[in-house]
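Chain IDs A, B, C and D follow the sequence of writing; residue 1 opens each chain.
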Amino acid sequence: MSKKKLNRGVAVVGAGMSKFGAFSDKSSRDLFVEAFQSMRKSVDKEFNPADIETIYIGNFSSDLFEAQSHTAPIMADVAGLAPRPAVRIEDACASSGVALRQGILAIASGLYDIALVGGIEKMTNLPTAEVTDTLAAAADTLFEVPAGFTFPGFYAAIASAYMHKYGMQPEHLMNVAIKNHENGALNPNAQFGVTIPDWMQGRIASAKKKGKPVPTWSDHWDYLHDARANPMIAWPLRLFDCSPITDGAVALLLVSEEIANQFTDHPIHIIGSGQASDVALHDRDDLTSIAAARLASQEAYAMAGVTADDIRVAEVHDCFTIAEIVATEDLGFFAPGDGYKAAEDQVTARDGAKPINTSGGLKSKGHPVGASGAGQAVEIFKQMRGLADERQVAGDIPLGLSHNVGGTGGTCVVHVYERRN
Amino acid sequence: MTATKSTTTKRAFTAASFDQYLNEKKLMGSHCANCDANFLPPRAICPDCYDDQLEWVELDGKAKLAAFTSIYIAPTAMINEGYGRDKPYVAGVVELDDGVKISAQILGLDAANPEEIKIGTPLQAEFIERGEGDEKRTFLAFRAK
Amino acid sequence: MSKKKLNRGVAVVGAGMSKFGAFSDKSSRDLFVEAFQSMRKSVDKEFNPADIETIYIGNFSSDLFEAQSHTAPIMADVAGLAPRPAVRIEDACASSGVALRQGILAIASGLYDIALVGGIEKMTNLPTAEVTDTLAAAADTLFEVPAGFTFPGFYAAIASAYMHKYGMQPEHLMNVAIKNHENGALNPNAQFGVTIPDWMQGRIASAKKKGKPVPTWSDHWDYLHDARANPMIAWPLRLFDCSPITDGAVALLLVSEEIANQFTDHPIHIIGSGQASDVALHDRDDLTSIAAARLASQEAYAMAGVTADDIRVAEVHDCFTIAEIVATEDLGFFAPGDGYKAAEDQVTARDGAKPINTSGGLKSKGHPVGASGAGQAVEIFKQMRGLADERQVAGDIPLGLSHNVGGTGGTCVVHVYERRN
Amino acid sequence: MTATKSTTTKRAFTAASFDQYLNEKKLMGSHCANCDANFLPPRAICPDCYDDQLEWVELDGKAKLAAFTSIYIAPTAMINEGYGRDKPYVAGVVELDDGVKISAQILGLDAANPEEIKIGTPLQAEFIERGEGDEKRTFLAFRAK
């Protein structure tokens, strides 16, 4: 692969998000206002929103979730940013990771110095069955959906192939959920910011309070094996293997490298960006890996001039527990077949050698699909600037990475971030 | 290679043609003579040589299971067929002897005991009819042999 | 406005489209394959599709029309272009005009030399009432749709304000429809490629053949005034004031200026690009003009270093007849209030001083909304290279323009094209 | 300026709050004290000074017609209300005396004779209830005076 370079450097100087959760009284525009105001507060020096020149909004399907298309100018409007150009980017669950990339390209093109990148999704208006149908629209409606595949079903099929090839057991997946909830419990913006042991204790306490039969789980592993507490969704994936249905929005402020210090003394430079697409899942040579993730990360590493080993923190796309395991292999953090062992051995824990999803990941923080990619950048921005409070990874973090997948890997986009001072 | 090339009228390489063949109980892919490669679903353009002079090819439906899941939380279309929490079903990726893969529902396996299901299980294509009247449509499935 | 410049020049070296129409047996991917193959044939010199580096697909709402999201990697797949990055752009009816702009920025960024820009929409699967609802999703679902506004309704309201301010009569609108059908009759890819007089004669012949009462229209003006032949949709807009519901796809090949002559001796350089957004229609100061169009064209002219008077041919967004009249004013071709007179005086006819919509426009050629903006570029590409056959504008065409609107002007994107040899 | 500022509990500047006020038969916008500007629909952020410390303001609903149409091909929601080819309705952009504009259905005009309708016609806000039970919702309309 040629070592592609941008014509100009780009840095993140502001990053904010709404709380992630289920908000019956808020539309996606209300959530975006929250994210936008949160981003403004995150900018260290003076910042006038009127200086924003262009807007990229990642959104999967406000069409199906809110009967609202043409969302980008609406988001520009509610932030008071009309008549600036506003572009919606849709690449399924990778929509706002790709929006971030388009914001980078727009600045690198020379046309703009300051870009707003947003991500939005308002999912909880619909009943779960319709959300299932809507997410399936990210797959191939003509050839995959008629087979009865659901979105969890695709990742479950990947898990089956991975288990067959590498000997992983379904129990190994639980390590990912347990870790991500441990992280998410320290993230005030997380939708399910509670550890799984605390979740279990909450259910025991609730049963006692209501005078119902008190469950007799011996520990949280026992809890996760209980088919009533943790029902099967698509074997081998159970409820706690799946990210939730979430409302949320994110806003990032990107500027050209030359002017970054007008906004902060600690810009986070984006030194690598890679994106790739792929064919339908059934058409792929290897069902135990996401080829688009391997290609996107290779491109990002080459542009950045770094290797997987150099990355200190990473947010990876854990829409399902198996997705995180495969991602950590595709990104080159672990050899193929070693990802599940790394999760078991706590290598990916916050205090491990390769902390993954310190935000709680999509699993605990929530997965408002079109906002999730930009949301990863918020966590990296905070971690690399030492602003992640209780969940802060110890030590200096010169390099971070985000990995955002659309569908079952039809799209993958990877960014490498650098802190220079 | 057990595929048979079609020499009759050439239908467009579309999903509609594929579905029309399914209605006729035929599993049809497309074939690039340049690359001697089969494609399922049928492609109109070969992704290797970019030729668009492909041919229809009938596949014999012999296959094996490449990946699978047993689905308990079903989409609306499958709920309407009676599937769901109490009646899971198997969806899988199937590798045909003709060197192509496709997604399909898998019949003849115990969906309630997915841990017993083996990757590599031999399968045979089967055509399922669903819906009534104008809504009637043939779906591709595979059955464990 | 600052005279913004791109870091690199970009040229169109290939442009193709599917036939526009209603195709019950074709999905959007089938139409895209047609457009892609048509684009390949349009490239003068040798061209290997494998050289394409990145893909931008404009699409309004395959979500609602086909229950299919994540359309960009699917289009990459059917064209044999995975694993190249594939991005869907959604800005309502301006989706592929904006996709073109993103392709330009991607090349200007330095990351790519060769980009494929596509546009797709497959609309005719749905019954008309659902299409009406789906198009309304491009408006503001929370504050405009509950008022009972439809998409024709918005433009009708613009027409009412325009008529009030400038004294235009509903009859003036018919000039636009008549002219565009005259042009479209010469475009083999047009959905309704027939003149309105011929359309009328066809209905008379059909009535005779079936032994039904023969209509007694005195001429095509009489026909257009007949409420049964040309029913009211949203006063003052009748059926023939509205573009049709259309299936179609478009593909453009963009390359960096330096390599353009590898593909053709006659590249069409894109020397100006402008985009702007706007608030909801009711929130605008002036209801007789689309502010985003004024801003986008000013930006595009400034980048190109040209004026409105320099433009020799233009494709403008005539989703409704009133839209073309307002567009020709917003683009600076005519003074505010003079647009309807220019249409009446044949200034915008193919042999007039300012030929507009020689393709037939959205009115006659068809309006597959997410493909329409890229479709305009196809016509400009053909006209400027002298390949528009029977509808070719006479004489040299050094400069052309396309103007693509999303919603009621929530987005507008304008491009200026130059032929140098 | 006939608007009245609200000094009671502050609701979020959302569409849901706006609808809730409509249910209470109140037409509420937001107001930026910095710019002395009103916004309808209510904005959370002032687009001129970017302040987000806005206040709710009740508008008296006096208005005039700024632009309009008479709709014959109706969306599903209006078809369900009995509108359509044989019963067109007027939708318009309305300019309030408080200096803001909004989209709304316009009542009290002859939709079947739109050429008789005059831009500038004085209007007064009116609250229409549609739907039953949980689906009941109040819509903003304006009526010709």
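Quick note on the criterion: contacts are C-beta pairs under 8 Å (C-beta built on N, C-alpha and C of every residue); 3 or more make two chains touch, one makes a residue touch a chain.
Nothing here was measured: the structure is a model prediction, and the numbers come from that model.
Novice: Chain A to chain D: how many Å between their CA centres?
Specialist: Using C-alpha averages as centres, the distance is 39 Å.
Novice: Let me have the rounded angstrom distance from the C-alpha centre of chain A over to the C-alpha centre of chain C, please.
Specialist: Computed value for the inter-centroid distance: 36 Å.
Novice: Just the number, please: Cα centre separation of chain B and chain D in whole Å.
Specialist: Here chain B and chain D have centroids separated by 53 Å.
Novice: Two-or-more-chain contact residues of chain A, please, as numbers and ranges.
Specialist: 27, 29, 77, 81-82, 133, 140, 142, 280, 283 - these are the residues of chain A that touch more than one other chain.
Novice: Which parts of chain D, given as residue numbers and ranges, touch two or more other chains?
Specialist: Expected reply: 15.
Novice: Using the contact definition from the top, classify how the chains connect: line, ring, star, complete or other.
Specialist: Looks like something else, not a line, ring, star or complete graph.
Novice: Report the complete set of touching chain pairs.
Specialist: A-B, A-C, A-D, B-C, C-D
Novice: Using the touch definition from the top, list the residues of chain A that touch chain B in their complex.
Specialist: Within the complex, chain A contacts chain B at residues 128-130, 132-133, 136, 140, 142-150, 152-153, 156-161, 164, 231-237, 280-284, 287.
Novice: If we count contacts the way the header does, which residues on chain C are in touch with chain B in the complex?
Specialist: 25-27, 29-30, 33, 36-37, 40, 48-50, 77-82
Novice: With touch defined as at the start, can you tell me which chain B residues reach chain C in the complex?
Specialist: 12-17, 43-48, 50, 52
Novice: So in the complex, the part of chain C that touches chain A is made up of which residues?
Specialist: 4-8, 27, 29, 55, 59-61, 63-64, 66-74, 76-77, 81-92, 98, 102, 104-106, 108-112, 133, 137-142, 275-280, 283, 291-292, 295-296, 406-407, 410-411, 413
Novice: Flag every residue of chain B that touches chain A in the complex, lowest number first.
Specialist: 15, 41, 66-79, 83, 85, 88-89, 91-94, 101-105, 114-115, 119, 139-140
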